[in-house]
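Below are structures written as structure tokens.
In what follows, chain A forms one complex with chain B and a second complex with chain C.
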Partner chain A sequence: MNTVHDTPGRSDDPAAPLLARAQTLVTDLSLSSVHAWKTQHPDGLIVGYMPIYIPRPLLEALGCLPVSLFGGGDQVDIIKGDSYFQSYICHIPRSTIELLQSHRYDVLDAVLFPSICDVIRNLSGMWKLLHPQQLAEYVDLPQNFSPDIGGRFYRLEMQRIASALTSRGARPLTDDALREACARENVRRAAIRDMDAIRARQPWRIAASEAYLIIRAGGVLDTVEHTELIRAFTAAVAERKPRIYDNVRVIVVGSFCEQPPIDLIRTLEKAGCDILDDDFQLGLRLIEGDIDTSPNQDPLSALAAAFIDHGAATASRYIADCEKGAALVHKVRTLGADGVIFAAASFCDPALLDQPMLEAALDRADIPYTAFKFSENTGQFQVIREQAGAFSDSVKLWGKVA
Partner chain B sequence: MNLQQTEPSITRKDDSQEKQKRMIAGHFDRLACAQETGQKVVYTFVPGNLTELIGALGMLPVLPEINALQSGMRGKSAGYIAEAEKAGHSEDVCTYVKCDIGMLKSGNIGPTGTRLPPPDLLLLSYTGCFTFLKWFELLREEYKCPVVMLHVPYQPDGHITDEMRTYVVNQLRTEVIPTMERIAGRTLDEDVLKQWLDRSRLAEDDLVAVWESARHRPSPIDGYFGGVYYIGPIFSAFRGTDAAVDYYRSLRLEIEERIARGEGPMTPDGPATRERYRLVIEGPPNWTSFHDFWRMFSREGATVVASTYTRVGGLYDTGFRHDSARPLESLAEYCLGCYTNLGLPSRIALLERYIRDYQADGFIINSVKSCNSFSAGQLLILRELERRTGVPGGFIESDLVDPRYFGKANIENRLQSYLQMLDANLQRRSA
Partner chain C sequence: MSSSTKQHLTIGIDPGSSSVKVAIMTSYAGSDGRILATTTQRIRRRNVQSVVKATVDEACRAANVNWGDFDYVTSTGDGDAVEDKTGHFYSMTTHARGALYLVPTAKAVLDIGALHARAIRIAETGRVENHRMTSQCASGSGQFLENIARYLGVPLDDVGKLSVGAKKPETVSSICAVLAETDVINMVSREISTADILKGIHLSIAGRLVRLLRAIHSEGVVLVTGGLAKDEGLLSSLNDILVEETTKKNRHPVAELTFTTHHDGILAGAIGAALLGAYRYEQLERRGRLRDVVSTAQHDSVDP
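Moving on to the complex of A and B:
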């Protein structure tokens, strides 16, 4: 468990300018970079999408810029948003509505709502009613994973989305454009995999809070630009000098939609946890492996197959044949993690309903875990720091939670 | 009026109410001896249930939501929920799920006091509610039994596309039916299935006539509190059976007789004596204080002329019927058409239609903590409906089966304020 750390973000840190840029992109709720893209691409559409996953190559092949929407985090005072939701609904739709009603999303030409839970699903209908001038489409990701049934349905669903966007001015879909977009996505995925591998092997080089910023910045960049950012960051951290810390190696699970405040991630790090892996930005990592871009392959079918055959196990995906939690246990073993931290957003049905099954799988595998809940605007971290610190100490002392 | 004590459930019941109670008790008796009789047991959900398929293959359905609501009405849900929360289930999630898990961990004694058989199959009809998916993943962990998934696409724009229908039919044909046949140990006889579907259609015709009777003044039915009894057989184990055909025929006759006599609906305190307000209600009822909740309306002369909860297991009054000429297609359309599988704009349009068609004076949204499928967006529904119809809406909050979230005094105060406002509106209008 003895690991070594530099001090990320120091002024002499070679990665500091890249992190600063990523931080600006992530926290810029006015979407300046998106406006800039629109100016440079007046014929292109801006397509927002809610978590978790949207087939971004499809959108790029249509000449659109996909923009991930993660609500307002801890940066927005919720006034209008709260008047649309009861107290027992999670936080991300509130800040999303707040941003919508305060015209921060006016730059969007269309918004996609992938099937993840009932709240995001119903939010699609609310958007249609509140902003009828924007195209708002629900995207039904299949829960049947037979290529001939679920794969076929999903292919048709993507065709439907493409037609809807084309009718709003997007470029018509061609096989070549889609194949090229998938190839670009594969390159980005390779860059992310490389970065994740460094982080898991040498967490002192890349803190989870940094990886988070670098990946989330891709939510407002096109694939090529994002890949360049990841590659530049990976190269920069290679120059970091090690320092010794005695941290535990953990995986964080449950934050795939509503995002924790960045300070919460940093709090876990300060509490002695090296976060080797997480699902904060699952959307850009959801396809495990490459999309088939061979010239003899129908690219839309290949994109569907990537989701059907290589979609990551997550709470909003029905697990048909495998044991629940098997993927998490496998990840813990593969990465050599010491334990798991469940960090679910309050009132997040998928994460909270999934959690007992994942906990049971960890119990069977004798893997320690702890759990807490958060909201995107959580501002008090002391209790979480104490809990994570106690967990970290307990794992270090006894190898499991006492 | 402030009800501080829980009052006796019901003083007098309709014949139909007694009859449906006997039917449901009989079903639980059959379930109790399923292991002796060798009948296979399929757990499934109310929205998108495939009762005709289950019945045509000689199997018996168990509907966990029904068990949960029955546990709520019998005062057992609090203990079951506590049991599930002790086992690690979050306080934030659906209480139907926790009630079901708690019941299982407490011996799986069903609502009538007999032990429920474990499932031979979990038929995961994933229709209109994300929680269903997790619920049966959780039950699979407990029962270690086969699961078959039927993914029913959402209707965001209020119409069924060919792609949606084909997707569901393909799943039925290649995965759901073969799995059910394997469990049942027999091949599906399509002629038998068609007979089940024909009987479903007959019952559905009569049920729609019952719903539409609320156009009369006074309404002979309460389409929410009374309505939940009416939907009991068709939403649970009986759609497609002779017993359901018989029940809905006699229910329709009972209602027609009431219309002829100019009578209002039955209430927990006996026949309604006045109809002061005609209301539409959106959202499920609270089950732990169901009769107290009902009395808050009935004692004020408020009759519910239409509700959306009574459409979660099938939306027949917009024209859908099971169709033996297109068996799998009509089963697919049934699943696709359940109320909570409709996008918000369609839900608002339906409520607007109910308010106009049934000449409602107002509408109430009962927002339940447990059910995001219903609840997310209801405050926008409230505004939109008021804007479109000019009819005032009221908003109350409770839960399905967690008594901790039924604040009786709060709900009653809010409801009475709303009805006073409605009264003033009605007086202004008649002046």
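Moving on to the complex of A and C:
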């Protein structure tokens, strides 16, 4: 079991305390900060949710704290979890069951399972059987993106979730509360966008592994507190005097659900890759743009429209063959990336079934790429470092643009 | 690699598991390279960064250049140990380029380091075409041989000579260093001669290394680099394995391999790094990206 990570940031780094705090939040499987929130908000509900995306403003408008559940990573030995799943599926449901059965999710009042794949659907059923006292709801996200069909369906789905949570003690949903929650979410998204923009322009100033920690810490914080953390981090990195290396600039794709170990991300960086953009823990960044919070707009419809009209292109979202990969190619061009690294969890059907189509789009656009698979508890990175290093060298020395 | 008319001064720094190797070179974008100085220092139990500094200082003095004179500072191997670098290239890439510099006819490199061994098939341009590494087990590495030499009370420099004089080599496990060490203990208790034990180990390692080369379909001249390139016993055993293959050739035809070494073979990574640094410098200059990475090591503010 690999539980010890290097504390990120150097001692003279102004961002070091913020990174240390983020790392503590990310690696704290006992969810201390969530327990603390519950103590301060005895009437509020704690709502866990699996990747990729859940409309967090809806939950905050109901007085709930949304908590993202990303499994146990490399911190948990799987003993009970393996007995619930066959061998040929991904790892995240095993460690999730392990944490559930070791009572580390007892603090949760409800859990939501957004539709992404059959494995997560099965997990929702197991959760219901194992912990019937907790509300466990499968959330169907629309795959029809017509506002009149998918938009209307999704609005009804959110209403259903809101009613279910209210029946468990959450505050009733009001337009004003939802509008305010959406506004707070817009502020957070702007903060993330600003951080991402610095990272894309000056990847030596913000490493992907650092951005990862800062964003993932938001999975156990309310929106305002998370926004403050991001803003403080962005301000701190501006004070850095970073050294610039001649690295290759890449985009990492495929890790939107089960998360790679943080040391794997650092391995890619050490192999000479500046990661300009990624889809790690995509949920907090899934909506591209602001949610409409104008007073004359029905906020629930606005939240539905944000997903329908501005949801990021990802494997769990239906995209016609002719357009598959267009968003990735556009991102590579826009950010000036030199190549793409596909990093999908082993047995992750959504990512791995999408990958050939994305690769074909990159081939057509003459963009180099490499691919590997990981598991959240992968502990040996030598092969990945070798592969990423060889890719980096190949792009730098023999590529057309790097 | 390029037809640049500007001469570049570059340094390649290769911190390995047991020693730091440095090469200072001039070249025209990596072509027509000339070595100004090379240095090697064993790490032993010292801090690797301080060894890097000492090795670089020694090389700079020998070449009569200053740190600020370099167009491009390239690390390879353990790049984390070289903070003041311009860029890093993976050791496969640099060994391939360095091998071509040392032996222009080389078609493959067999790099045998302290912890790993790897076979690399190279194109005429120096590009890596295929590669294969030993797995996590250390039984194909220099560190393993060093451990065995210590157990047997043989100075490392004598290992090769003793092995070449062996009469009846004993077979040892080629799979696992732990099992192999157990084999050696058994041999000592059976009073097998030290020479025969060492030869058996060399054959075991050589067998693994030839299999690596076969796995990447290499043929022609293979340059042996890394610390074990100086071990005549291992080189002899590599040739023994080829002879053994030849006797079975009618049943399993295999491509011709010829092993060769170079007195600077251990420096192949550092030499390749220095040459690739010059190539990369010229490439960045041509693409208008030089200022981004080479001319300044620091940015004072976040871009607007």
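The working rule: the second predicted complex is superposed on the first by the 388 of 402 C-alpha atoms of A that agree within 3 Å, B and C clash if a C-alpha of one lies under 4 Å from a C-alpha of the other, contacts with A are read in each partner's own complex, and residues count from 1 in each chain.
We take it that a residue touches a chain if its C-beta (ideal position, glycine included) is under 8 Å from a C-beta of that chain, and two chains touch if they have at least 3 such contacts.
Note that the structure is a prediction, hence the values are computed from the model and not measured.
Clash-free side-by-side placement of chain B and chain C is the outcome of superposition onto chain A. Once both structures are fitted onto chain A, a short way to say it is that chain B and chain C open up an angle of 100° at chain A, using Cα centres and rounding to the nearest 10.
Of the two partner chains placed by superposition, only chain C is touched by A:A271; chain B is not. By the document's definition of touching, of the two partners only chain B reaches A:F85; chain C does not.
Of the two partner chains placed around the shared chain by superposition, chain C is the only one that A:I244 touches, whereas chain B remains out of contact. Judged by the touch definition given at the top, the superposed model places A:S146 against chain B, while chain C stays out of reach. Put chain B and chain C next to each other and count what each touches on chain A; the higher total goes to B. After the two structures are overlaid on chain A, the closest C-alpha atoms of chain B and chain C sit 18 Å apart. For chain B in complex with chain A, the touching residues are 87-90, 92-94, 97, 124, 126, 129-131, 133-135, 137-138, 140-141, 147, 149, 151, 153-154, 156, 163, 166-167, 170-171, 174-175, 343-345, 347-348, 367, 369, 372-373, 375-380, 384, 397.
Within the complex formed with chain B, the residues of chain A that make contact are 83-86, 88-89, 93, 115-119, 121-126, 128-130, 137-138, 140, 142-144, 146, 148-150, 152-153, 156-157, 160, 315-316, 318-320, 324, 344, 346-350, 352-357, 359-360, 373. Those residues of chain C that touch chain A in the shared complex are 72, 79-80, 83-90, 92-93, 127-128, 131, 133, 136, 276, 279-280, 283-284, 287, 292-294, 296-303. Residue ranges of chain A in contact with chain C, taken from their complex: 198, 201-202, 204-205, 237-238, 241-247, 270-272, 380, 382, 386, 389-390, 392-394, 396-398, 401.
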